[in-house]
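In the two complexes that follow, chain A is the common piece, with chain B as its partner first and chain C second.
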Partner chain A sequence: MRKEGPMIVTVLSSLIVVFSAHFHLGKQLGIKDALDGWFLISICIALALGFVNLTAIHWKAIQRKREGWIFSVWLMIVMYGYAVLGLIQSHTGTQFNWIYQNIQAALSSAVFSLVAFFISSAAYRAFRIRTKEATVLMIFAVFVMLGRAPIGDAIWGQWSYWVNKIMAVPNMAGMRGILLGASIGAFATALRIMLGLERAHLGGTGTQ
Partner chain B sequence: MEKLMKIDRRIIYIIGVCVVVFTMLYPIGLPVKISDLARQTYAAVENLPDGSLVIISPMYDAGAMGELHPMFTVFFYHAAKRGYKIVVVNTSWVQGPQLVHPIAEEIAKEFGLVYGEDWINLGSKPGGSVFLQAAVTDLWGAALTDYTNRPIASFPIMNRVPKITAEFVNACLVLDCGTPGAPTWLTYVNEPENIPLIVGEIQMSVPENMPYVASGQYKGMIAGSRGCAEYELLVGRPGKAIKAQDTMSSIALLITLFIVLGNIGYLTTKKK
Partner chain C sequence: MNLSTNPGIWAQAICILAVYTYLYKDNPIWRFAETTYLGLATAYWFVFYFHNYIVVFVKDNVMQNGEWHYILAIILGLMIFFRYVPSLAWLARYPMSFWVGFGTGYVLGFAPAVWLTQVRTSFIALNSVENVLIVIGILATLTYFFFTIAKENPVVGGIAEVGKWYIMIALGSAFGNTVLYRWNLFLSRANTIIVDWLGVTP
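Presenting the complex of A and B:
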């Protein structure tokens, strides 16, 4: 029953959601609204579970003095310290908000901004005209990149016009194909889960 | 020539930093041409009826704020300038409403908007698509409290919007950098309820969102930092996006230069 139980719950829940969302009687009964409420509560429980799990993993690392255990100590101090501060002040508290805006936000932003440098280096290495296809790819990449910045129009007045054309026609055609394919794939996966054929979410190899 | 193919990445990083810092300190001020898409987006917000109520949803975290903060600023400014009532709310991206709150407060102060009457920040709500579906039938029940944990029923502005339907909401302005994002709003709120959806996307997400613009499902889209710079010009408030354009130009030129050098090295080595 370790696998059958969750599978039965999955199939039943999905059937109830389909019935509630697409049938008039189902909408009137409002079962989906109740399920939505359960879902929101489950998310909060999952967050608490994550907190406990993280504590367990790093507590063990500290106890056994694994490599880099000092970072586990720091993580525990920050996690519990900030949580306690949040509980005392709430998220609108002066100190809580200051830390959030000036440390958390600044660090996240800094990490993301590093992408610009990685892309510079990666583009330099990747865009080599080894084949005809690679040449076309490189030409379009450089053309669009320059055209999305004002320098493109400074070089040639029509640059951004043609970039917009590229974005609106060939790019969009390709993206539509990808979106349609992904949507059909998602639908097929949902159907497989509902029929109990896809079991990846229960662990193991995932398919029957 | 072979050396051109093997430039150390640290050299690229150092030159990149120098170029970014230099152009930020000494901007060239290259002109920004306004695209049709930016005009369409501006018109979609500008032409909403007087006294409209709009939802602005900052569906992002600190990682994307470099590109999306200026978009939030310009959307909030434009809505405030037009005298619309503004509800700020998002789902799943917990950092968004907290990050944008100071910006909203500053603009609200500039226009003399009163919190709870003219605008409100409902904060970030868990649940993603489930929250959005719940908000369509009962926003009060789904959101419960505002950003400061006060019951939303105590704010006059919320009397105007018991649920997110076309009857109460004139447009949703969604800024996103991932999932859940604008397509989630489109699926669960804007398509079923027939509410205009106008979005702001980071440059990386623009290609995948173009089909929604062409199909008319998005009434407008701010396409990356460049699109935001164009919108800033249209709304008459040059801000951070305009300032970033010279840096974008210089880094794009630098990347192009390195690509050309790498290929010169590759071609000459290949001939040998």
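Presenting the complex of A and C:
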């Protein structure tokens, strides 16, 4: 039952969702609503896995006094301190929210904005005019960037008009093609999982 | 210049400057900001899901409505922690199988309604240059993704080549938008430092 049991669970749960999506009886019995609840509550509990994993990794770093272990100590203090504060106050508590808005949100947006500097230099290195395809990609990227900023229209009054045209015609067609290709791929993979041909989620060698 | 007296703005400014020290090189101030962010984010989402879902489910669904089967869902979720017990690690496959099965069912049962709408809306009247370009683009891009057809065939290869250019334009536009979004975030952070914290008004 180490492999068969989980396989049965996969097939059954996927069949129930499909059944409740397409059959009147499935909708009437409200099985999907219950299954939605099961999914939500079990996934919420599993989210604590990240908490446990971080603790395990950084606890080892502290024990072995690895380079930068002092930051691991700091991480544990921050993580457990903030979690305890949240469990006492709930996520709407005054202090808990103050820390979220003034520290966590500020750090989060600063880290994401940091990517702006690296994405620009990485783009230069990756797409500098080596092939025709890379050239087209770069030209359209720069064209869209300038058209979306006020400087585009300041240079040429028609810039944002043509950017909108690019977004509505070739970009839309290309993106829709990519989306349909990916959706068909996802559908085929889902079918393989339901038929038991794809077993990567059970660990081991993956596909049969 | 009119320096802010708001402790919240001071905290934001210090955090932003600590993160931007990474632009110089990896340094202890950055590591401090990084670990603070990691710790806070992990704890925040743990608390958020605990209060919003687990407490609500246990209080409302289990205690009030008597839907005791949700206790089994809690046990199923907890089974993922068997990963840490080598002899019982295989039990962690059960919750994973349930999640994968649930997602699979969703993709098979509900997702087609989304992407088939995209297919339907692609059947547009060929009464303008734009519409013709859109239809050609979609068909050519899809042809590019047909890996079961040999691209050596000149007709298929030619259409796939057109599809490739459409993909390049689409990815270039998406990339441009992404870069711009990140720069917008940076400008917003710069605004916090210059206007909100230092009090420099234009």
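In this section, the second predicted complex is superposed on the first by the 194 of 208 C-alpha atoms of A that agree within 3 Å, B and C clash if a C-alpha of one lies under 4 Å from a C-alpha of the other, contacts with A are read in each partner's own complex, and residues count from 1 in each chain.
Note that in this section contacts are C-beta pairs under 8 Å (C-beta built on N, C-alpha and C of every residue); 3 or more make two chains touch, one makes a residue touch a chain.
Quantities reported herein were computed from a predicted structural model and do not represent experimental measurements.
When both complexes are overlaid on chain A, the residue A:V17 reaches chain C alone and has no touch with chain B. In the overlay built on the shared chain, the residue A:P6 is in contact with chain C alone; chain B does not reach it. Contacts of A:C44 after superposition: both chain B and chain C are touched. In the superposition on chain A, A:M76 makes contact with chain C only, while chain B stays out of contact range.
Once the two complexes are overlaid on the shared chain, A:R148 sits against chain B and chain C alike.
In the superposed pair of complexes, A:L54 makes contact with chain C only, with no contact to chain B.
Shared-chain residue A:A123: touches chain B and chain C both. Look at A:I31: by the touch rule set out above, it reaches neither chain B nor chain C.
Between chain B and chain C, C contacts the larger number of chain A residues. Within the superposed three-chain model, A:S160 lies in touch with chain B and out of touch with chain C [touch as defined at top]. In the superposition on the C-alpha atoms of chain A, the part of chain A touched by chain B in one complex and by chain C in the other spans residues 37, 39-40, 43-44, 90-91, 100-101, 104, 106-109, 111-113, 116-117, 119-120, 123, 138, 142, 145, 148-149, 167-168, 171-172, 175-176, 178-179. On the chain A side of its complex with chain B, the touching residues are 32-33, 36-37, 39-40, 43-44, 90-92, 97, 100-101, 104-109, 111-113, 116-117, 119-121, 123-125, 127-130, 138, 142, 145-146, 148-151, 153-154, 160, 164, 167-168, 171-172, 175-176, 178-179. Residues of chain A touching chain C in their complex: 2-3, 5-7, 9-18, 20-22, 34-35, 37-52, 54, 56, 68, 71-72, 74-83, 86-87, 90-91, 96, 98-104, 106-117, 119-120, 123, 133, 136-145, 148-149, 165-181, 183-184, 186-187, 189-191, 193-194, 201-203. Taken together, the chain C residues at the contact with chain A in this complex read 7-9, 11-12, 15-16, 19-20, 22-23, 31-54, 57, 61, 67, 69-70, 72-74, 76-78, 80-81, 83-84, 90, 93-112, 114-115, 118-119, 122, 130, 133-142, 144-145, 163-180, 182-183, 185-186, 188-189, 192. Taken together, the chain B residues at the contact with chain A in this complex read 7, 9, 12-13, 16-17, 20, 30-33, 35-37, 61-66, 95, 98-99, 102, 126-127, 130-131, 133-134, 137, 147-149, 203, 206-208, 210-211, 214, 223-224, 226, 245-246, 248-256, 258-259, 261-263, 266-267.
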